[in-house]
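Before we start, here is the structure in question, set down as structure tokens.
To keep things simple, chains are lettered A, B, C and D as they appear, and every chain counts its residues starting from 1.
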Amino acid sequence: MGMTIAEKIIARAAGKETVKAGDIHTVTLDLLMSNDGTSHLTVDKYNALKNPRIADVNKLVWIVDHNLPCDSVKTAASHKKMRDFAIEKGIRFYEGEGVCHQVMLEKHVLPGQLIFGADSHTCAYGALGAFGTGVGNTDYLYAMVTGTSWVLVPETIRINLTGNLPKGVYARDLILTIIGKISANGANYKAMEFGGEGLKNIDMAGRISICNLCVEAGAKTALMAVDDVARAFLKDNNRDGDIVESDVFDADSDATYAQVIDIDLSTVKPIVAKPHFVDNVCDAKDVAGIKIDEAFLGSCNNGRIEDLRVGAAIIKGKKVAPNVRFLVVPASRTVYEQALSEGLLATFMEAGAIVMNPNCSVCWGACQGVIGEGETLISTGTRNFKGRAGHRESFVYLASAATVTASAIKGEIATEDMV
Amino acid sequence: MGQTIVEKIISHNVGRKVKPGDIVTVKADYVMLDDIMMPFIVSKFNEMGFSKVWDPTKVVIICDHMVPASQTDDIRAYHISCDFASKQGITNLHTSDGICHQLMTEAGYVKPGHVVFGTDSHTTTYGSVGAFSTGIGYTEMAAILGTGEVWMRVPSTIKININGTLAPNVMSKDVILKIIGDLTAAGATYKSLEFCGDTIDSMSQSSRTTMANMAIEAGAKCAVFTPDTKTALYCDIELDDFQSSLVGDEDAVYETVLNYKAEDFVPVMAVPSNVDHIVPISELKGIKVNQVFLGSCTNGRLEDLMEAAAILNGKHVAPYVKLIVTPASRKIYMEAMENGTINVLSKAGAIITHPSCGLCCGRTGGILTDDEVVVATNNRNFLGRMGTSKVKIYLASPKSAAATALAGVITEA
Amino acid sequence: MTSFEGRVWLMGDDIDTDIIMPTEYLVYKTIDEMKPYAFSPLRPELAGKIADGDIIVAGNNFGCGSSREQAPEVVKALGIKCVIAKSFARIFFRNAINNGLLLIENADLYDAMVKANAEGKTIKVTVNENIEFDGKTYPIVSLPDNLVEIINAGGLVKAMRKRNGID
Amino acid sequence: MGKIFRFYKDVDTDQIIASQYLLFPTIDEMKEHTFESLDPEFATSVKPGDYVVADENFGCGSSREQAPSVLKALGVKAVVAKSFARIFYRNSINIGLPVIICKDLYDNVNAGDEMELNMEQGTITVGDKTFTCTSLPENLQKILDQGGLIASLNKED
């Protein structure tokens, strides 16, 4: 009986020959990522343990990205608690290097790894063939102390891609289409596995964007087979030598799937997710003309160099609409410096955009960039829940980098071809 | 009898010769309104019964304290700013271009000889181009918006004469900090500071701006420099006869004249929690820091970023120390991108934010908590300004700040 | 001449505007919302203790720092009848007058009260004449005419309303 | 007996506890903001022993464990929903907050009704109506019985 990628990774981490969906196994984790959203609580719980200890400090990566630079005294106290703990225990610590998932993908994630992140979008690591999943800080603490955890082997939904995305349509539109199709809990407890000839035509940024957003369909993780595109990304980050070839998995042809979805990429259109759910999607054209107050190009979903290139190409020589705030937030220092050297940041600045330091920004709604009462935001961020971007009476539309940039120029929701 | 610079500017404005102590009514050449005060200004303006500003071309509205917003209610001030501008036909509106005091001269508003009021105490900054400018409250601003004029008392002048060459590790920030220490925080209250001497003549426009900006920290009403060719170049004008006359006369009456030798200045910091509590860095060496802030209307200009970058080039800030860089304006940020400064700072580990007031105004940009230490290039180290009242704030020059970021402890450049 | 008595809160030199009203609270919609945070960096409990008619006596340079008019407004809203200091910072002085908050400069009272550790004691103020404390009289100077005009109008807003023919 | 607080479908973690409170130093400081945008009165009106009842996919969204933690800190005895989002479910078990799947309850009760939960029998009683709920998988029941994951760690020592 064949296995899916998720099953193969769990089998490896559990030290088993085979596993099947529905089994519960104890696994050894390869990496444990935690950010400033919850680390201060993890520290408190750690200190309350009878016999506090860390199984393997080399597997821990702690990243400050949600509120940076810090904007309140309470946050500052929580950051200090996290930082002091990391220093004391010798935990690898990043502050100011970018959004956690981007930093992890650039510097740490490798194919075949099983990774817990105290952040739901940890499923992004599937773009490099790693099983990343979001956990709470108690789960995190248990894994940190014991080096292990239990996992329920998820069923897998297979998404087969064929063809090519039309011009002006992006991976972001594809994943919004899929979430709209299967709904916000359509993949609850399940793994989403992407494959097919069409996947080869999607660049690394697009793949990360797809995997990252799978949690919005409830998925436990998202996975893609490692191919030349993934290997090239690791090579660009000087980590191709770290690949363990025996951990590079692809699904067996006779693997069992809970569901198989076939998508012809050429049929995908620019999509917008309307307030207040990610699965509340429609054709971007159907909401064109809705007035916006702010536009956001960034986040672990769409703050990569490829996304900035798309935005910069659209806005070059044009201006942000009067009184609209267009936030451009590279996902990491690496992306920032690349965009700087390519002149993209200058293009955005020239157009009147606000270029912020790499952080989570308005995607998480408690950092610089929040929106006010009655305001409307169009965003490449991950979520559009009520109040997610700031005031509880505000509205968030999710879209691709192209649609967001076009909207910033028009001052209302618009697609690339409308500016 | 001769006149000081500020007496000449006010005389020119009111059309007759004035002397210190005279109460006069001046006409504003420009007024500067910042976002954080806009809700209050507009409400007072309405309460006073005005409907139209006296001259929309002379009103400049700048959103800088709360852009991008970190709290949802901050947006209210943004909308009030944009709405008031649109209703009053004010086109001088900057929603995300940088800090007000940088933009007032950089964007071409304030020129030598102007009389300018702003709803921020650091409005003294524009004295660097030979203007009279001072901070006022929002009620008074509302009255000026309606009438275009305001009463004031002609200040007496303290002349500060500096001659010689500054040491390479001494910046104009060290000079003004030392002077504030000597004058004390209230030593120049109600007075004008007039800077002159060959050290001042050889200073860049940017360095002079740092000094004018901080005059308020000695309580001064304003600070003025004689406009020269550098000023003319910066303001993109040719000085007219009046502007060229803005020199303190030989026989002008000064309240005090302070003479300094440039060679006597050393790198200093203002230590917690008073701007006039000045200590040479040689006596502070080794104090551990958690964060360094390079920015603000005091020291967020291209020259400041470049001086810091020269020290940081090819190196990296100390582990666990955050270096936060907030350029003073969009133009400065873009120039610093263009000439490679931003790349050097980023490679050294700096966190570079969008141009705004940032940490200096204490609402965002790197707030700290109990027992943390920050070395900052801005203008105030008051208790609680950057977080809790147990945060220790040291004010320094960009060079000293950069050297400190590298070492992780207070260090002389 | 008007005279009044009030309980005294003693504060030091250089009480800056970040102490009187920290930036964090400046965007609150109303002065009433800001009130509880007045003086909080230095004396977090003080705002809750100040009662209507109390008087602040301070050292040099009271109100130095920013131009935030919330500072004098909040002092007035707390019920402070007047602030007596050795000296005032310029912008604060102007803002206080514009809001009708009485400020009195006196060099000796503060030293005498600090020496006697007299926080909480009552003093008597006769406007434009003198202050009485502990059996001694401290003379005060009169305000310039143009300021008296603004105070008499009830602050700058009222003066402007009159000018615009509203009141 | 406890009172029912009834919420709809796809209640996400931002509604349970919004981002701007997550970095407060303690759960106790956060808990007064629970369900702030959906029901600003919730935190003050909920009593220990009360229940949260919801439709499908309760707790979707982020992995923030602050979400079940604030409910537990306010004394919520259990959350009963037609289904739960994965991370929320796991987090709740880990901290010892019972999360009960019951397909029929939501459609048959009103906010403010009094209900009784019997976890051993897997039943819920509201007035004269009784509903059957699914019991927890064995390994999860074990964690819950131990008093959450932390307690199990402390027991090992």
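Definition applied: contacts are C-beta pairs under 8 Å (C-beta built on N, C-alpha and C of every residue); 3 or more make two chains touch, one makes a residue touch a chain.
Because the structure is predicted, anything quoted here is derived from the model rather than measured.
Number of steps on the shortest path from chain A to chain C, with steps defined by chain touch: 2. Chain C and chain D have Cα centroids separated by 53 Å. For the pair chain A and chain B, the distance between mean C-alpha positions equals 41 Å. With centres taken as mean Cα positions, chain C sits 27 Å from chain B. Looking at chain D, residues 20 sit in touch with two or more other chains. Counting partner chains per residue, chain A shows two or more touched chains at residues 72, 75, 77, 79, 370. Across the assembly, chain C contributes no residue in contact with two or more other chains. If each chain is drawn as a node and touching chains are joined, the picture is a simple open line. Contact annotation for chain pairs lists A-B, A-D, B-C, with touch applied as defined. By the touch criterion given at the top, residues 67-76, 78-79, 82, 95-96, 320, 322, 324, 330, 333-334, 337-338, 342-343, 346-347, 349-354, 358-359, 363-370, 372, 387-388 of chain B touch chain A in their complex. By the touch criterion stated above, chain A contacts chain D in their complex at residues 24, 36-38, 40-41, 44-45, 48-51, 66-67, 72, 74-75, 77-79, 81, 117-120, 122, 134-139, 141-142, 145-146, 150, 184-185, 188-189, 218, 220, 277, 364-366, 370, 383, 385-388, 392.
Those residues of chain C that touch chain B in the complex are listed here as 14, 16, 18-19, 22-24, 26-29, 40-42, 60-61, 64-70, 72, 87-91, 94-95, 98-99, 144, 146, 155-157, 159-161, 163-166.
Every residue of chain D that touches chain A in the complex is listed here, in rising order: 10, 12, 14-15, 18-27, 29, 36-37, 56-57, 60-66, 68-69, 83, 85-87, 90-91, 94-95, 137, 139, 148-150, 152-154, 157. Partner chain C is touched in their complex by these residues of chain B: 23, 36-37, 39-40, 44, 47-50, 66, 71, 73-74, 76-77, 118-121, 123, 134-140, 142-143, 146-147, 151, 185-186, 189-190, 219, 221, 274, 276, 361-363, 380, 382-385, 389.
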